[in-house]
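Two complexes follow with chain A in common, the first pairing it with chain B and the second with chain C.
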Partner chain A sequence: MQLLWQILINGVLLGGLYALMALGLVLVWGVLNIVNLAHGALIMLGAYACYYLFTGFGWDPFAALPLAMILLFCLGYLIQRYVLNLVIRAPMFNTLLITFGLEVVITYLAQVTFSADFRTVNPSYAGANFVWLGATVPLVPLLAFGVALGLTLALWLFLDHTRIGRAIRATAQNLTAARLYGVNPRQLYALTFGIGAALAGAAGTLYGVVSQINPYIGSGLTAKSFAIAIIGGLEKSIYVLVGGLFLGIVEALTALYIGPTYTDVVSFGILVLVLIVRPTGLLGRTA
Partner chain B sequence: MKSLSFLCAMVALLLPVPVFAAPIEFGASVQLTGQFANTGRYYGDAYRFAVDKINAAGGVKVGKNREKLSLKILDNQSDVNLSVRQYVQLVSQDKVNFLLGPFASDFALADSAISEKYSVPMIQGGGASDQIFSRGYKYIFGTLPPASDYFQSTLDLMGQLKPAPKTIALLYADDAFDVSVADGTRKAIGKASLKIAVDQRYSSKASDFNSILSLIKSQDVDAILVAGHETEILNFIRQAKTLNVNPKLYSFTVGVPSADFRAALGQDANYAFGMTSWVPSPAFKDDYFGNAEQFATEYQKRFGYEPDYHAASAVADVEAFVKAIESANTLDPAKVRDAIAKVDFDSLYGRIRFNAAGQISLPQTVVQIQKGKLAPIYGPKGLIEKPLYPMPAWGKR
Partner chain C sequence: MKVGLKLALAVVGIGVLATVPSWGSAVLVQFGINALILATLAQSWNIIGGYTGYPSFGNSVFYGLGGYGVAIAMVQFQLPFEVGLTIGVALAVIFAVLLGLPVLRLRGHYFAIATLGLAEVMTAIVSNLEIAGRNVGLILPLLKGDTPFFELALALLVVTTLTVAWISRSRFGFGLIAIRENEGAAAVMGVNTTLYKILAFALCSVFAAIAGGIHAYWITYLDPGSAFDVTLNVKMIIMAVFGGAGTIFGPVLGAFVLSGISEILAIKVTSLASIFFGLVIVAAIVFMPRGFADLVQRFRHLGWRYFQENIRTYRV
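For the complex of A and B:
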């Protein structure tokens, strides 16, 4: 029983980070209808940004987080403005290929620039933990969980309650009508992609603190984010949280009761099941 | 028109003088990019280094002539299928004389099928899995000791520790090398009459070990033995810290001897045990590099990072070819293959002598990270330095 309680806590904390990883992907997918295969690579860049701010300038990772987000926002904005906007009207397959290409380019540039050495962001409190109701709760994953929760809520508020947010949602729902109301879609798309990249930057910062960084972590993270997006559904950013938590808990339980070899089998098996049974996600409205 | 011909003449002058291919060419496909690039680089760099050294010493004696070596290295991008295609290309199009191996057992396992099919000898220093050598292949040789023995010296050491560890958690990734390690270790644990409390296989590339660690913690295990890849082991140690898992000892098949692994973990790397088939000691004499210590210094200077046993093993591969070619006195692949089977010499990596299956036998020295430095703990002759045991709890470091 004690063990199960511990596993559930592990799963919830992991799920929070998962949700943050997928948040940017879901936003871009929902608004631009682009499945950004370079999303994981952007997370990787965020992790390196945090690493260099931490080791080079002694910044605390949580202080480095906003700057990493700003840097990634700029990068994302430029990518959308000068690369993806050129093909935004192309069929989904083309944009998939382009983001796949971007992923490869970013990964290889990262290896050339940062080398293939493994890095970790290891502040003195990285291993801190406390005991709560008999379970060990690690501090950093808990903080990361808090940040993930905060950013998800912030994104939800931004999309629902600000003028730009509403414009973004309007563009996603009906482009022609949004244009008639004076929305400039190119500008808005770049902004959205920038926000998506900034969220990837935040996820990367936290990922570097709890895990390890190398130029090749991206593709695995994209796959995981993709699964979470499908499970949670694209309708509302808040649903991502549900998808992330669900996957985190399922993986933790699978590793314990079925065996750690099978975590990917189970998580992608669920992905397939969800696609068949509830294609709009667990919480999405059924068509 | 005049200016055009002038231009052509200039271009012709600028073109390098055609270099005639050296008569003895080695081919290798290694992981220069991709997820295994971090270890793959040892092979690319060490092969190059050994070939340069041997050429500087005058090359290889075949008949009355001394022939220079040349080396063709292709980047397999850490993709097994690509590496197989590249070895086919090296043998069938580039017509290299001999093959040097890639890093990692999965790769060596697949690539050795090519050397066998084309009857071109391959000596590889990157694959230790017993599976590579259990198929009756005649053209594959390996300079890493068998995977099944990796934890043997660690278990021997554990027999001498006080209080002796009694229960063990065995974790391993699901690739050829780590499965072989686990099979051998399980048998050795049985012989040492220790108890396996947790025996778990996980998928390679796993990054989350929280569930296994929680299980281990709930079982109060004395020793954890992990056979996996560096990335997984980094995550494992970090998560062990965050979940406050405190075994008396933990040991890992890879990572511990590598400098960048220790750098990535910093203080948290301390107390981790590991093993290495090579230590850069002046006791290992070598015809081309002087000794292992000089090799390590020169290597660090030339490539900017510290060599570990992967690099030494790779150098031994090239040297084994040189010895075999000289003793066969021909470049005929079948004859060189027979000569490789008979080589017996001392190198900076240790004594090179292949068994009937084609694999080398070297003792694994147990090492431990103590205050950020790698300390040799236990070798074939017994204790070398005092192990720090049991490890202090995370909160008391």
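For the complex of A and C:
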């Protein structure tokens, strides 16, 4: 029982980070109808931004987070404005392939610039933890969980309660109608993709603190983000929290009861199963 | 006349290719085997992705199952290559039918991601199988010489292309094209869409599995990461799309051109070749989204405006 409680806590903490990883993907998918295969590569860039700010300038990872987000926002804005906007009305298949092309370019540019070595971000408090209700709570994942939760809620408030947020949602629903109300889709799409990239940057920063990084982590993270997004459903950005927590807990339980090498079997198995049984996600309305 | 000319060209091309091992250098022959296998994969993807319009990201599963069929039969049971290949193909077809049934009901993004998920699941399952050598993989017995593999790969590509040619003018093929253009309408017209889609999926699994089996025996090594590689899957798609998906020779042409270019670049720097590969994908989707075949056809009338025209159609 004690062990189960500990596993649940680990799963929940991991799940928060998972939710943040998938949040940008869901936003871009929902608004632009682009399934961004380069999302994981953007997370990877965020992790490297954190690594270099930490080792080069001695910035605390949590202080580096806003700067990483700004950098990734700029990159995402430029990618959408000057590349993806050129093909956005093409069949969905073309946009899928072009983001894969971007993923390859980003990954191998990263390999050339950062080298293929594994890197870790090790702040002085990396191993700190405390005991709560008999379970050990590691400090860094808890902080990461808090930030992830905060950013998810912030995005939700932003989309629901600001002018730009409403414009983004309106465009997602009906591009022509939004245009008639004065929305400039070129700008708005670039802005949305930029926000998605910034969220990936934030996820990357936190990922860099809790795990090792190298230039090739991107594609695996993209696949995991898909699983989270699909489990939660794409209807509301807040649902991604459910997907993230669900997957985090399931993975922790799988590692305990079946074996740590089976986590991928279970998480991607759930992805396929949810797609087949309930393509709208666990919380989505039935079609 | 035009069809006759094309046919003659194809026959001469195959004849010249078949003699490559007798005069080509070892490097050329090895490059040739890789290019032929990639062309076969692109061509087999063409059946489900190009003609039926279902962008499968899981064809590498068939390729991997073919490879593992051969590897497990030869390493664990000391069976001959042919038996292993048959087992691999059988596994791939069973997989295509059993999982095609639920997955082929999905469309667009959802189908793409479900097949991508299947590829990830298979990688994860196989890395846990004792009989498949877990994460470490299997080492196959060595067969000296590249020539038999070259001829085998060439024969496979020819058979695959002939099958696609048959599809493009058969009742079955028209059914697939109807599904691609409008699935609802196809069903109303009396096409058994479920059956047709499953058949197309199973058909492309056969060729991909054989290609995987040949490649595994040739390389004599197989591990889950390379067998079910998602990048390989995207490679076959991009080659088919670059050459022209839904055409008979497009995927073969795309595979030859793209593997040729990346081979030349790989001589200099490997990572450069990969960056270039990514840039080609981006540029191809922006400037020639309907493939090389369409470019050749319409460039004559439009000239350089062709590229402008493409961007104008799809930008926002």
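The criterion applied here is as follows: the second predicted complex is superposed on the first by the 287 of 287 C-alpha atoms of A that agree within 3 Å, B and C clash if a C-alpha of one lies under 4 Å from a C-alpha of the other, contacts with A are read in each partner's own complex, and residues count from 1 in each chain.
As a convention for this text, a contact is a pair of C-beta atoms (placed from the backbone, for glycine too) under 8 Å apart; a residue touches a chain by one contact, two chains touch by 3 or more.
All figures in this text were calculated on a predicted structure; none of them were measured in a lab.
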Original post:
Quick one: chain B and chain C on chain A, clash or fit?
Top reply: clash
**OP:** Answer with first, second, both or neither: which of chain B and chain C does A:186 touch in the superposed model?
**Re:** second
Original post:
Touching A:261 in the superposition: chain B (first), chain C (second), both, neither?
Top reply: both
Original post:
After superposition on the shared chain, which partner residues are touched by A:279: those of chain B (first), chain C (second), both, or neither?
Top reply: second
Subject >> First (chain B), second (chain C), both or neither touched by A:100 >> reply: second
**OP:** Look at A:92 in the shared chain and tell me whether it touches chain B only, chain C only, both, or neither; answer first, second, both or neither.
**Re:** second
Subject >> Contacts of A:236 with chain B and chain C, given as first, second, both or neither >> reply: neither
Original post:
Between chain B (first) and chain C (second), which, if any, makes contact with A:35: first, second, both or neither?
Top reply: second
Original post:
What is the contact status of A:111 with respect to chain B (first) and chain C (second): first, second, both, or neither?
Top reply: both
Original post:
Intersection of chain A residues contacting chain B with those contacting chain C?
Top reply: 108, 111, 259, 261-262, 264
Subject >> chain B residues touching chain A - in the complex, by the definition given at the top >> reply: 33-35, 37-38, 41, 78, 174, 200-203, 205-212, 214-215, 217-218, 230-231, 234-235, 238-239, 241-244, 260-261, 263-266, 268, 394
Original post:
Once bound in the complex, which stretches of chain A touch chain B?
Top reply: 2-3, 6-7, 10, 14, 108, 111, 116-120, 122, 126-129, 136, 138-141, 210-212, 214, 216, 220, 251-253, 255-256, 259-264
Subject >> Complex interface listing, chain C residues touching chain A >> reply: 55, 102-103, 105-106, 108-110, 112-114, 116-118, 120-121, 123-125, 127-128, 230-231, 234, 237-238, 241, 271, 274-275, 277-282, 285-286, 289, 311, 313-316
Subject >> Footprint of chain C on chain A - complex, ascending >> reply: 29, 35, 83, 85-90, 92-98, 100-109, 111-112, 185-186, 189, 219, 223, 226-227, 230, 259, 261-262, 264-265, 268-269, 271-272, 275-276, 279
